[in-house]
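I've put the structures underneath this note.
Two complexes come next, and they have one chain in common, chain A, joined by chain B in the first and chain C in the second.
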Partner chain A sequence: MRFTPSPEQRQFAASLHDLLSGADTPGAVRAWAEGRPEPGLKLWRDLADLGVTALRVPEECDGLGAGLTDLVIAFEVLGYHAVPGPLAESVAVAPALLGDGERLRALAAGRLLATVALPPHVPYALDADVAGLVLLVENGAVYRGEPETEPVRSVDAARRLFRVAGTGGALGATDGSAFEAGVLAVAAELLGAGQRLLDEAAAYARQRHQYGRPIGSYQALKHLLADVVTRLELARPLVHGAAVTATARDVSAAKAAAGEAAYLAARAALQVHGAIGYTAEHHLGLWLTRVRALTGAWGGGAYHRARVLAGA
Partner chain B sequence: MDLDLDAATLDFRGEVRGWLAEHVPRPGLPSMDTAEGFAAHREWEATLARARLSVVTWPREYTGREASLVQWLVFEEEYYAAGAPGRVSQNGIFMLAPTLFAHGTAEQRDRILPAMARGEQVWAQAWSEPEAGSDIAALRSRAERTDGGWLLSGQKTWSSRAAFADRAFGLFRSDPSSSRHHGLTYFMIDLRADGVTVRPIPQLDGEPGFAEIFLDEVFVPDADVIGEPGNGWRVAMTTANNERGLSLRSPGRFLAAADRLVDLWRQRGEPEWAAERVADAWIGARAYQLYTYGTATRLAEGGQLGPESSVNKLYWSHLDLGLHETALDLLGADGELAGPWTDGYLFALAGPIYGGTDQIQRNTIAERLLGLPREAR
Partner chain C sequence: MTNIVVLVKQVPDTYSERKLSESDHTLDRESADAVIDEINERSVEEALKIKEAGEGEVTVLCVGPDRATDAIRKALSMGADKAIHVSDESLHGSDMLATAKVLAAAIGKVEGVDLVIAGNEASDGRGGAVPAMLAELLGLPQLTHVRQLTVEGGSVKADRETEEGITHLEANLPAIVSVTEKINEPRYPSFKGIMAAKKKPVETLTVADLGVDSGEVGLGNAWSTVLEASPKPPRTAGERVEDDGDGGTKVAEYLVAQKLI
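For the complex of A and B:
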């Protein structure tokens, strides 16, 4: 047993992190929210160059044929940087829904962005206005989705949600594995977002002074953040473990725990920042609202806990 | 990244499972905090040792099997799933022994470890003092030089199982001009020696699970000093991370308890109000299991246990408590009836106190892992 990311996976995560740290990701998120996807799409092209969009595409269609562990390693970094767009949909789910080699090649190369609705747990298609391919999965059948023209507003302004109706005959069928991959990707994204919120809060607590002392010297804040560390550190092995076993029970445990840990991180990070964290100008809000949205998306806590109990 | 057990580990799991199925006493042993139960648990240690199962990770010469950490975790999973007795020798096996492996002499290891492995000598940890709890560096018990050894005086307290144990290990101030963590020496003490008085202290359940130890010029030979005199703090810290980080409560214990909790929830008709808490107990135990596999991987690759062991301790103590609270709530009015769940609950209540309190663990996490400014100390 070797239950830790491989050196190659660490290297992959580090290069993603370097790429995204150098880009103005918060700026891209804000532009995306305003309906100006170009900076975000530029990020996607860079991510495609590093192989992110090809991860789950089979090798015979120019993909990497990577496993779920590579997927979660990547998604933790994507969440850490709040990358906008239909990430789980296009990178984790669509490759498992499509049989068509041409589309798979386009996905792998990053020429095609896909999105998908999988009611009831994923009722809206994220970023259907930007995606070149909109899918709808109903009762195990995959359809072309016809999105409405106006988005439904999300608490996370960068998540542009669209109602979709199915059109035409079924393109194919799917077992549950596409959904599981999406849940797992989102769990990893939440983990990354939670880690970012923690890092932001710790950095602020070291630097901000009140009453003549760094606020990070107060135990009330230390202990709040220590609890966040603990939750995140114990959620990460669940995400990695679910990527290894791919059982529904482990995937649900990962989503429930990562969601809870990230949410705790969000609450704590806002509290540590005080009013500055509540402003639209400060970038903290990008992660605060992302975490709130993803906590309920792809099955909320109650749904995933029920699956844990059904499988335990 | 994988969770595969190799063939040797799978064989070992099978052997352990088979052996436990035949040997675990039914019904369980009486509480180890009674004279009768202590003797029964000591005998159980001997039974384990005869099957070379009492200290599986140790070298063969000391009745171990040189098992890997992953194999030890597997052993623990089987052990708790089988409902086997608590380990009366645990403080010796998991705290003193690692210290001896790291800092002891060959003579000390040869003399002490085999008897420990067979339960012939049960060890108590004597760190806490009336005025030195969380702040262990404030300890006052002292050691004075004498011919061929030291004379120990002072008072230790809250020493688990000391009421019936044979020997104890602890820190004493050997340099009277020193303060805090300087000038301390790590000693092994015979609890039957002249000048030692052990006063049992009944715990919440009424049984004397820990004790005070009074020392009045107790002679301890040089052979029972671990490491260099004056270097006791550093010697002791090896075991502190071991205790918090891995060995004190292995995941097997919580996996077994979480499975029992899920069963209880089913027996009670799967009440909706408890579903979230029951699921969280299962998720928490699974998280801790996987987290520990990660730790074992890191250690196998030459890593060290550092401040992240505080994450571990803080996590399992709350997992344990929450799990037992949920069980008692599920039992409703019968939750107050003394039995395995109330025993487990009373046991879990102490988790956030011993081995470093919650607050101390949180300070460590915030200061050492997040780099927040240190407290005045």
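For the complex of A and C:
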């Protein structure tokens, strides 16, 4: 099994990182949460130019036909920057649900954002008010979804969740692979978010002084952050490995491990930052709430651990 | 069809600590992350814009050690068509004149060059003279410090910006242009571009392949020598004025004493 990122994949990740570092991504996340999606949509258009939205669209529909390994590379960076919007839904899942060339072309070009609800593990459709296409998957059949007008509150204000009802006849059928792709994408996003929380905490620990020295020089903080590094390092090969095998068991192991590592990173980062980390003005909260939301989304830890045990 | 050569240099990342090696005072390339010089990303972008506006081919030319392939790869993934990499141990420590001679010889290997685009200066050496030297060696018009560029038929128009002001220049092709950081915002390599770059041809040449005499290049043949190098001394602490209600007066007195007001 080879899951070491290729030089090209590293270059793609660097390119995405440069783009998102240069743009005001935190500003776009905050605007998105306030119901002003325009800065976030601009970010999506830029990401589409680099090929993110076309990754899983087949080449005959102007897509890139890229593999799951390319997908997780991209999603780690997207999570690192807390990019708003229905990422897993539109980039990882929708291309696997749609057979219609016209819609696939629109998805690839970034002209169409799609979202999807897959009850029971994905009961609500994320950002259905912004998405041009809302889908509902029930018992293996794909329907057009009709979202309610009022969103359901998420712990992450930038995740606008909507109840959906299916309308009309089935558009097509799907096996479990679309769900697995979504779980894997979210696992990679969690890994990236966890890494960002660690980086933010480590930077703050070097900068913040107490009793005349940086707080990062105290052993209690070093140990706290070293534990986070270890957990993230152990989760990463599971995520990259699951992208190679794509089996339900490996995908579940990846999601469970990435979720736990990112959640530990969130708790440690908040503790290292102290009270400033709780304030709404500080950017840390964008990742704290994102990690909490994604840990439970697309199946929580208990569900995924049970799948790992069942497949053993 | 516009045939463009873009000069690309790999430099130590400006965000990392840059130093000279202790043995021969040449650039210590191992101590810092190597990246394509940012101004060259803009040079490539400008070449790609000209190509996309009409028809053309963009060749990347780089003189540098083996690891400079990363810088070339980035230019190719942005959309350049092919590359020439001049890599030779004997080039270590070459001065600007020797570099310009090698570049001129390498440009001669590309058929029918219409335009050579360079950055105005590299972020490591900061000599800023290579484009002018190339123009002299190749006998071509030079348009330096360009912040806006248009190619029309057989001529090139440029806005040259310096501290003195803006000059509007025009020259017949072929010509040499060096650009400033105001020229454009470079694109980020896309997934497609990165994958396509894998298959693009990179020709690796030595000094001998170019017909340049190895007695003209390298540290031993440089026209100037670095005798000594030391880091910039840290800034001194300066004078602190305590404000006991008369802070403004004290600051004014200090400035008067320094003959600043």
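Simple rule for what comes next: the second predicted complex is superposed on the first by the 309 of 312 C-alpha atoms of A that agree within 3 Å, B and C clash if a C-alpha of one lies under 4 Å from a C-alpha of the other, contacts with A are read in each partner's own complex, and residues count from 1 in each chain.
Rule of thumb we're sticking to: a residue touches a chain if its C-beta (ideal position, glycine included) is under 8 Å from a C-beta of that chain, and two chains touch if they have at least 3 such contacts.
Every value quoted in this text rests on a predicted model; they were computed, and no experiment measured them.
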Partner chain in contact with A:L64 - chain B first, chain C second, else both or neither: second
Touching partner for A:G51 - first (chain B), second (chain C), both, neither: second
Contacts of A:E233 with chain B and chain C, given as first, second, both or neither: first
Which of chain B and chain C A:L19 touches, first, second, both or neither: second
Touched partner set for A:E200, first chain B, second chain C, both or neither: neither
First (chain B), second (chain C), both or neither touched by A:Q11: second
Touched partner set for A:G301, first chain B, second chain C, both or neither: first
Contacts of A:E76 with chain B and chain C, given as first, second, both or neither: neither
Shared chain A surface residues [contacts with chain B and with chain C]: none
Footprint of chain A on chain B - complex, ascending: 1-6, 9, 70, 258-259, 262, 265, 270, 275-276, 278-280, 282-284, 286-288, 290-291, 293-294, 296-298, 301, 308, 311, 314-315, 359, 361-363, 365-367, 369-375
Touching residues on chain C, where the partner in the complex is chain A: 73-74, 77, 187-192, 194-195, 198
Parts of chain A lying in touch with chain C, wherever the complex brings them together: 7-8, 11-12, 15-16, 18-19, 49-52, 54-55, 64, 66, 70
Residue ranges of chain A touching chain B (in the complex, touch as defined): 1-6, 9, 69, 198, 202, 205-206, 213-214, 216-217, 219, 221-223, 225-227, 229-230, 233-238, 240-241, 243-245, 250, 253, 256-257, 301-302, 305-306, 308-309, 312
